[in-house]
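One chain, subunit A, links the two complexes that follow: it is found with subunit B in the first and with subunit C in the second.
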Partner chain A sequence: MKKYLTAYSIALQETLQRRWTLLMDRVGGFAVVLSLYSFWNVLLGDKATFLGYTRPEMLTYVLIINVLRSFVFTGRGWLLVGEISSGRVSSYLVRPLRYEGYALALDLAQKTVHVGSAFLEIGLLVLIVRGGVFVPRDPAAWALFALAAAMASLIFFFLEFAVSTLAFWTSESGGPLFCFELFLQFAAGAFFPLDVLPEGLRRLLSATPFPYMVYFPARVLLQKIPPQEAVRMLAGESAWLAAAAAVAAAAWNRGLLSYAAEGG
Partner chain B sequence: MSGEIRRYARLWARTASMSMQAQLTYRLGSAGFLIGKVVRLVFFFAFVAAVFDHVQTVAGYTLLETALFFLTFNIVDMIAQVFFRGVYNARRTVNEGDFDFYLIQPCSPLLRMVCSSVDALDVITLFPVLAMTAVVLHRLPPLGFARGVLYAALTLNAVALVFAVHVAVAALTVRTQELENAIWIYRDVMFMGRFPVDVYAAPVRWALTFGVPIAVMTSFPAKAFLGLLSPAWIAYAFALSAAALAASLAYWRASVARYTSSSS
Partner chain C sequence: MRKCLVTAALTADALTKDYRSPIKEPGLMGGLRGLFDRRYKDTRAVDAVSFSIQEGELVGFLGANGAGKTTTLKMLAGLLTPTSGTARALGHVPWRREAAFQRRLSLVMGQRTQLWWELPAYETFRLNKDIYGLSEQEFRASLDELVDMLDLGAHLSVPVKKLSLGERMRAELAAALLHRPSLLLLDEPTIGLDVIMQKKVREFVRGYNKRTGAAILLTSHNMTDVVELCRRVIVIERGRLLYDGALDALVARYADHKILRARFSGPFDAAGLAALGTVMSAEEGRAALQVPRERVAASAAALLRDFPVADLDVEEVDIDDIVRRLFGGA
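Right after this comes the complex of A and B.
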C-alpha cells in the first residue's frame, strides 16, 4: 500500500507543478459549465420549473456536473494507450507493483487536484449567478452522493482501462477510446440532465452503467430520488462496478498474454 | 502572384493527400474517431431538438434558427479542423526539430506548420453539416439572396479569425516551446459558440464579442442571415478579423525571428 501512496504523492506534486496546464484545463472546463448554466438559465426564463427542476436545482445540477466531470472523467486512458503502444508499459511490468493499482493512484492524484479546483470554480459561479443553489439539508443525501460519485469514478476508471487495453492488440485503439469517452459523457448526463431525452432513449440508457456516472449522483444530491430507491440503485451501481472491474482485469490479463516487447 | 498561389495550392494538396492517406490507413482508429464525431453531432442535435419539445423559443430563437447557430458553429469549427489541423502538432514539430527543416524549405514555414495536416474525418463529417445547413436555410422564411451572401461572407470572415487564433498559437509555440494546451483551451472556450450568444449574460456576451470573439466566429453569420446584425457590427466583424490577422502574422514573424532552434 505504501508504494501506491508514494506514487499518489509524487503524481500529486507533478500535477501541481504543471500549473499552466492545470489552469488551462480548468478554464476550459469552466467555459463549458458557464455555457451550460447560461443555456439552462434562458430555458428557465420566468418559469418556476423546467423538466421538473427549479432554478436552484438546475443550477446545482450544472455545478455538480463540473465536480463530477472532474472527479469521474479525469482518466489515464490515453496515457495507457501510449504506454502499451510504445512499449513503455514493460518497465512497469518488471516492477514489484500491480499496474492497475499504480494507475489508480496516479488517477486519484489528478482527481484530487481537479476536484479541488472544481469546488473553487463552483464558489466563483455561486457568487456571480442569480437564483441561488440547492443545498440538501439531509446528511444522508450527502453520504449517498459521495458513495455514488466514488463508485461512478471507479466504474469509469475500469471501463476506460478496459477500452485502453485494446492497445495490446491494435495500434489503433485511440479511435475506439475517443468514441467511448464522447458517447459516455453524453449518455452519463454530463452535458444535460437525461430527463430532456425521449422516454424510450432514457429507458435504453438506464439499462447501461452510464447514467450512474453523473445523472444518478446528481439526482441523489438534489434529493430527486427517495432514499430507499437510492439505496436500491446504489446496489445496482455496485453490481456495474464489479462487472467493470472484472472486465478490466480480464482484458488486462488477456492483453498481457499477447504482449511482446523487444529492446529496452 | 497567381503562380505563387498555384504553387502553394499544389503543395497543400500534396501534403493534405499524404496526411489523409496516412489517416485512412488506420481503419479501426479512424472509424472510432469518425463515429465519435458523429455521436457528438447527433447527441447535440437530439438535445436541442428535445429541448424544443418543451419550449417554443430559446432566447427568442425558434428551433430552425437555433439549429442555424449550431450548424454555423460546426461549419467554422470543422473548416478549422480540416485546414489548420497542423497547429495541434506544433509543439512536437518544434521540439523534435522538424521546424528547422520547415525553415530551410522553399515555402512558407507558417503554412507548412498550420495547414499541412488535414483531418480527413472532418472532411467526411463536414458534408452532412453543409447539407443540413442548406436544408435549414431553405426551410427558414425567404430572407433574400443578399442575406445569403452576407452569411457566407461572415462565415469566411469567421474562418479567417479562427486562422488568426491558430497562427497566434503556432507563434506562441515557436517562441516558448511550451503551452501545449493553448490550442485546447481555444477548443474548450469554443464550446460556448454552440449556443447563440444571446443566451449569455451581458458581461459574458461582451467578453465573447470583444475579448475572446467567439460570438463573431459563430453567432454573427447566423444573426446577419436572420437580419439581426446592424451594418456597424458587420463592419466590426470584418475589421476585427483584419486586425487579428495582421497582429497574429506580426507575432509569428517576431517569433520566428527570435527562434534559435530547440532540437535537431
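Right after this comes the complex of A and C.
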C-alpha cells in the first residue's frame, strides 16, 4: 500500500510542477461552466422553474457539474494509450507493482488538485453571478453525495481504463477513447440534467452506468431523490462499480498477452 | 572437500516469438485499399533460441538491428509472452510476472526512462524504495553506494529534464539497481553517451557484477562494451542462435586473416603489394595488407625482402570487423 501512497505523493508534486498546464485546464473548465450557466439562465428567463429545477437549483447543478467534471472525468486514459502504444508501460511491468493501483494513485493525485481548484472556481462563479445557491442542510445528503461521487469516479476510472487497453490490440485506440469520453459526458448529464431528454432515451440510459457519474450524485445533493431511493440506487451504482472493475481487470490481463512492447 | 555450486540464473529453451503486423501498400490507393482489405504479415522475430547463463556471468548478446536481441530480452524480463518455448529466470517463468521474481530483476533499456521527468531523480529513487519494499537502512546504504560510484551527488536535486544524457543514464542505472537485482538485463546501456561516460558506465557494470555476483546479459552495438566486459558472447541473426561461446574463440573462428602494416623508408612499388595480400591502403610511405593466416609469415618475409621496410606490424583483426562480417556487412 505504501508504494501507492508514495506514487500519489510524487504525482501530486508533478501535477503542481506543471502549473501552466494546470491553469489552462482550469480556465478551459471554468469557461464551460460559465457557458452552461449562461445557457440555462437564458432558458429559465422569467420562469420560476424549468423542468422541475428552480434557478438556485439549476445554478447548483452547474456548480456540481464543475466539481464532478474535475473529480470524475479527469482520468489517465490518454496517457495509458500513449504508454501502451509507445512501450513506455514496460517500465512498470517489470517492477513488483500492480499497474491498475499505480494508475489509480496517479489519477487520485490529479483529482486532488483539480477538485481543490474547482471549489475555488465555484466561489468565483457565485461571486460573479450573485445568485442564490441551493445548499442542502441535511448532512445525509452530503454523505450520500460524497459516496455517489466517489463511486462515480471509480466507475469512470475503470471504464476508461478498459477502453484504453484497446491500445494493446490496435494503434488506433484514440478514436474509440475520444468517442467514449464524449458520449459519456452527454450520457452522464455533464452538459445538462438528463430530465431534458425524451422518456425513451432516459430509460435506455438508466440501464447503463453513465447517469451514475454526474446526474445521480447531483440529484442526490439537490435532494431530488428520496433517501431510501438514493440508497437503492447506490446499491445499483456499487454493482456497476464491481462490473467495471472486473471488465478493466479482464481487459488488462488479456491485453498483456498481446502486448508487443514496441518502441525499442 | 569444498564444492562450488554454480546454478543457472537464466535459461531459455527453444524460445520463439512471432509478430503479426499490417502491410501498408504504397501510395494513396494502397492506403484506401488498406481501409477495406487490410493484409497482415507474420514475422518470426525469435526462432527457437536456447541458452543458459550462470550466476555471476556477464554475457554479451550480439546481433544486427532487428536480429531479435531486444525481443529475447523482453521475453526474459517477462514483458512478452513467447509464441512457443519456455524460459526460467531466477527460478521463475518470467512472463508470469511474480513479485518475488521482479524484486530480483532489473531491465535497463538505454532509450527508455523510468525517471519522473519534471522531478529530481531522488523522487523516483524514493518511489522505487517503496515499490521494492526496501527498509530505510537498505535504501540509504544502496543509494550512498550508487551515488558514489556513479558520481551522482550533484544531480540528485536537479529535475530530470535538466540533466544531460550521460547524467540521466547514470541516474537511470541507479534507479534500476537500488534494489540490488540478481539478474540484470542491459539493452544498449551506453547508447548516445560520449566516450568518457561510456567508460564510466562500463566500469560501473563490471564493478557491480564483481561485487554482487549478479548475472548480467548485455546487448550493445558498441563493441568496446562487449570486448571490455564480456568473456562470453551469444550471437543471434534473424532470430536464430548463431554462436554461443567465448569471445576469444569467436575471434579465432572468424578472423581467418591478419593485418600487416608497413612503414617504408623510401619509394615503393605499390602495385607489387597486391601479390602479397589484399591491399587495404597504400599511400604516403605506408601500406596495410589483409593476409590469410597461413600466408602471414611468407608475406611478411617477402615484404621485408623486396620492399624498403622501415617498420612492420602484424595485427589481429578488429572485433568490430569480425562481427560486421558475421552479420553480413551490417
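Remarks
FYI, the second predicted complex is superposed on the first by the 260 of 264 C-alpha atoms of A that agree within 3 Å, B and C clash if a C-alpha of one lies under 4 Å from a C-alpha of the other, contacts with A are read in each partner's own complex, and residues count from 1 in each chain.
By our rule, contacts are C-beta pairs under 8 Å (C-beta built on N, C-alpha and C of every residue); 3 or more make two chains touch, one makes a residue touch a chain.
Small disclaimer: the values here were computed from a predicted structure and weren't measured.
In this superposed model built on subunit A, subunit B and subunit C occupy separate space and fit side by side.
Looking at the shared chain after the overlay, A:V32 reaches subunit B, while subunit C stays out of its contact range.
After overlaying the two complexes on the shared chain, residue contacts for A:E14 are found with subunit C alone; subunit B is out of touch. The partner of subunit A that touches more of its residues, comparing subunit B with subunit C, is B.
When the shared chain is aligned, subunit C comes close enough to touch A:P96, but subunit B does not. When both complexes are overlaid on chain A, the residue A:T6 reaches subunit C alone and has no touch with subunit B.
In the overlay built on the shared chain, the residue A:A260 is in contact with subunit C alone; subunit B does not reach it. Shared-chain residue A:C179: touches subunit B; no touch with subunit C.
For the overlaid pair of complexes, the smallest distance between C-alpha atoms of subunit B and those of subunit C rounds to 5 Å. Only residues 20-21, 24-25, 27-29, 31-32, 34-35, 38-39, 41-43, 50-51, 170-179, 181-183, 186, 191-192, 196-198, 201 of subunit A touch subunit B when the two sit together in their complex. Across the complex, subunit A meets subunit C through its residues 2-3, 5-7, 10, 13-14, 17-18, 87-88, 90-91, 93-97, 256-257, 259-261, 264.
Touching subunit A in their complex are the following residues of subunit B: 26-36, 39-40, 43, 46-47, 50-51, 54-55, 58-59, 178-182, 184-185, 187-189, 191-192, 194-195, 198-201, 204. Residues 19, 70, 74, 77-81, 97, 99, 102-103, 105-107, 109, 111-114, 116, 118-119, 123-124, 126-133, 159, 187 of subunit C touch subunit A in their complex.
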